[in-house]
Every structure is written in C-alpha cells, then in structure tokens.
Amino acid sequence: MKNLNSIFAAYMIGWGVFFLFFVSIVKRTNDLRAEVERLKKTAFKEK
Amino acid sequence: MMKRVLFGVVAIGLVACAAYASFYIAPEERTMGAIQKIFYFHASTAWAGETTFFVCFLANLLYIWKRQPQFDWLGVTCAEVGVACITVVLITGPIWAKPVWGIWWTWDARLTSTFVLWILYICYLLLRTLVDEPDRRALLSALFGVFAFIDVPIVFGAIRWWRTQHPAPVIMGGPGSGLEPTMKAVFFFNVAVMHVLAAFLIMERYSLEKTKHDVELLQHQAEAR
Amino acid sequence: MALLSNAAVLLGKEVRTEFRSRELLSTTIVFVLIVVVVFSFTFDPTTNESRRFGPGLLWMAFLFAASLMLQPCFLREQVNDTLGALRLAVSDPFAIFLAKICANTLFLLLTELLMLPVFAALFNVSFGAQLPGILLTFLLGSLGISVVGTALAVISAQARMRELLLPLLLLPLLTPILVVSTEVTIGLMQPEPYMEWKGIGLMAGFDVVFLTVLWLFGEYLLEE
C-alpha cells in the first residue's frame, strides 16, 4: 500500500492523542480521589 | 460505574469498526490512493470537534443565564474535548496533505479558521487557570467562550475573502462532496462513531469536574473548622 | 436618550483624564514607531515590497499597541472602586462601555493618523488622494479593536497575569480585522489604488456583531 507510513502515523498519533487525553482524565480523577480521602481522614481525626 | 465502563468499551469497539470500514469497506480513491483513508478519521473528528464546541457555546450561554455550576462544568468539559479533537485534526491533516500535495500547510479559509478556533479555546482554558474565584472564573470564561464561538465564522469569512485576493491550493473539497455512495456511508458512520467517542470523553471529563467541585467544598469545610 | 447622554458625559471624563497627562497616547505612539522600525529590519524594503508588506506591518503594530494601550482601561477603575461608582451613576451599564469604546477608538485613531505620514516616509508609499478611504479603514479597524479590546480588558482586569492575558485573548479574536484591514490598506496604497468595498463591509459587519454581543452581555462583564 502506497504511503502506508503516513496512514499508520496519522491513525496512531490521532488515537494516541485521544488515549493520552483519557489517561490525563483518569490521573486527575485519581489525584482528586486521593485528596478526598486525605480530607476525610483530617476531618475524622479532628472529630 | 459499570455503565461507564460499558460505554467506554462500546466506544472503543465502534472506533475499531469505523477503522475497519475505512480500510476494508470503503473503496480506494482513484487519484490519491490509500492515503485518502486518513480523510475518514480526519474529517469525522473535525465534525465531532465542531459539535463539541457548539455544545460548549450553549453551555456558556446557559451559565450566563442560569448561573448553575453544572453548565460551567459542561463548558470546560466540552472545551477540553474539543481541543483534543481539533489537535487530532491539525495533526492528521498535514500528514495527509504532505504526500498528496507536497505541502504540510496552506493558509486557506478552512485550515486557518480551524487553527484560530483551536487557539481560541486554548486561550479559554488558559483564562480559567488565571481566575481563582470559582463563580468569577465560570462567568468570565463563559463570556469569553461566547465571543470566541461567534468569532470563528467571521474568521472563516474573512480568510475566504482574503483568499479570493490571493488564491492558494485548496486542500480538499467539502466533506462528503463528490463522494461515491459507499465512501459517503463509511464517512457518515465515522462521523457518528467520533461523536460517540466525544460523548464518552465528555462524560468522563464531566465527572472529573464534578469531583473537583466536591473536593473544593470539602476543602472549604476543612478550612472553616 | 439616557444611554447616549450618560455615555457622552463618561466619554468627556475619559478624554479629559487622558489629555491631562497624555501618558497613554505618548507611550502608544512611541511604541508603534518602535514596532514599525524594528519590523522594517526584517525585510529589505523596496517600494514594491513596502506596498505588499508595509500595511500588514502597520496593522500588526497597531494591534500590538492596542493590546498594551487597552490594559489600563479598566485597571484604573479598580483603584478606589471607581467602577462601582460608575455602575451606580448610570442607568444602563452599556453606557460605560460605549464611553470607553469611543475613547479607545479616538486614541487609537489619533495614534494611527500620527503614524501614517511617518510610515509613508519610511516606506516610500504615497496615499494622498486615498486619504478618505484610509481614514474609513482606520476608523472601522480601530472601532473593531476597541470593541473587542474593551470587553476583554474587563475580563483580564479580573485575572492574574493580566499584562500577558489581554494580548493572548485579544490577538486571535482580532484575526478578521487584521486580515481585512491589511488587504484594504494594500489596495489603497497601490500605484493604481482601489477601494475594497467588500472588505469595508466585512469590517463594518465585525464591528456591528461584536458591539451587539457586548450590548447583550456587557452588564454581566461588569457584575461584582
């Protein structure tokens, strides 16, 4: 197939961007969940 | 939680089907050859991105009117997903253009206004990082979002007029124009699939924004004690 | 009409304030001059090249100058909360915008008109008979820059990094003005000058659209 490299690069990079975006959402969500746990523990300790 | 995982699996499955259809069902284009297949991914992502920005615009208007935080969350969510979509468009477009037309880029109306659209929504996201107070941030970014969305068709019109003064290579005709029926069907299938993918990403990003809001509330309660 | 009379009073205040010190105008004029001179080092200006590149450089200089000039527009109203006082003084908050837009347009126009003969001399272009056309182009362009710039000045005044933020937000939004006004000005500086009426129409359309958007949403920009 002519220009196979270009087709492959386009699809891989395109899906890569979406995948990285999804991974960043998951990471930020996990960081926030850890922050929630930390805040709940602080509140529990004070009580 | 299960529903979200299922939605994600369905979205990925559909993306795989769309790729299969693009490569094995759609016939090869006569002049460009196989590289034309990038068009199915590129153009459908562009449509999904534009729909996402339109939803962002509606969310901005609704926030200005109703002042409910959910509309602000939807606005920033759609802006981020839209920027991701247009990033893909701006990368896949030149990869397609270079082997076919010998140039990475040209300043025609569609490419230029897409680039400006991308920059405007990056500015929208940057603005949000620079305003600390949540209500102010929501209102100011909503107002900027309205300005930005209204500007894009004007940019398109201005560049198109400018191009009548300085003709340049036209990278492609309108999407779906002059497409053979099978190609058209595969294209619109890709459009639908990219919208499903965008909807999944919006859903995930929205729940992150909601969690952020809950954390901010907890932080305020902790500071109040 | 209360809106227009309020705006006229506030416009008088803006103009009087500026002409007392003239610091905004003088720094803007010098900045435009510096930008034009610095840009001219980036290419070797024969008369033909000057006609092709010159107007673009001129309008870029105007845009950069405007993005700096519009900073103090609402920043100065934060001192002693004069913006709060203004809001109370007028029945329609759009009057505040109208006054500031007119003032900013006037200051930009003055800068542009002062720069025009300097530009013509430095780049060996003549425009004598085209002065009305150039005036119209400058007016519509400055109005467009002022309308969008004034609105964004309110936004940037309430954010951090405001010195960077205003140009960041303003320049992409003003792409149509830059493109169209450059093209119209190029046409007017040709050996056989012509007037691009379609371009004038586009600029007028831009001004009307954003003035309308500002009229609809301006009060939310000024909310406390």
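Which chain is which? They are A, B and C, in the order written, and residues in each are numbered from 1.
Following the convention adopted for this analysis, a contact is a pair of C-beta atoms (placed from the backbone, for glycine too) under 8 Å apart; a residue touches a chain by one contact, two chains touch by 3 or more.
It should be emphasised that the depicted structure is a prediction, and the values quoted were computed from it without experimental measurement.
**Q** From the centre of chain C, which chain's CA centre is farthest?
**A** A
**Q** What chain lies closest to the overall centre, CA atoms only?
**A** The most central chain, going by mean C-alpha position, is B.
**Q** Round to the nearest whole Å and give the separation of the Cα centres of chain B and chain C.
**A** 31
**Q** When the C-alpha atoms of chain A and chain C are each averaged to a single point, how far apart are the two points in Å?
**A** Each chain's C-alpha centroid was found; their separation is 42 Å.
**Q** I'd like to verify one number: the distance from the centre of chain A to the centre of chain B, where each centre is the average of its C-alpha atoms, in whole angstrom.
**A** 18
**Q** Which residue numbers or ranges of chain B touch two or more of the other chains?
**A** Chain B, residues with two or more chain partners: not present.
**Q** Inside the complex, what are the residues of chain B that reach chain A?
**A** 15, 19, 33-35, 37-38, 41-42, 45, 80-81, 84, 87-88, 91-92, 95-96, 98-99, 197, 201, 204-205, 207-208, 211-212, 214-215, 218-219, 221-222, 225
**Q** Residue numbers of chain C touching chain B in their complex, please.
**A** Going by the criterion above, the answer is residues 148, 151-152, 155, 158-161, 165, 168-169, 172-173, 175-176, 179-180, 183, 198-199, 202, 205-206, 209-210, 213, 217, 220-221, 223.
**Q** Once bound in the complex, which stretches of chain A touch chain B?
**A** 1-4, 6-7, 9-11, 13-15, 17-18, 21-22, 25-26, 28-29, 32-33, 35-36, 39-40, 42-43, 46
**Q** Mind listing the chain B positions that touch chain C in their complex?
**A** By the definition above, chain B touches chain C via 64, 112, 116, 119-120, 123, 126-127, 130-132, 136, 139-140, 143-144, 146-148, 150-151, 154-155, 157-159, 161-162, 165.
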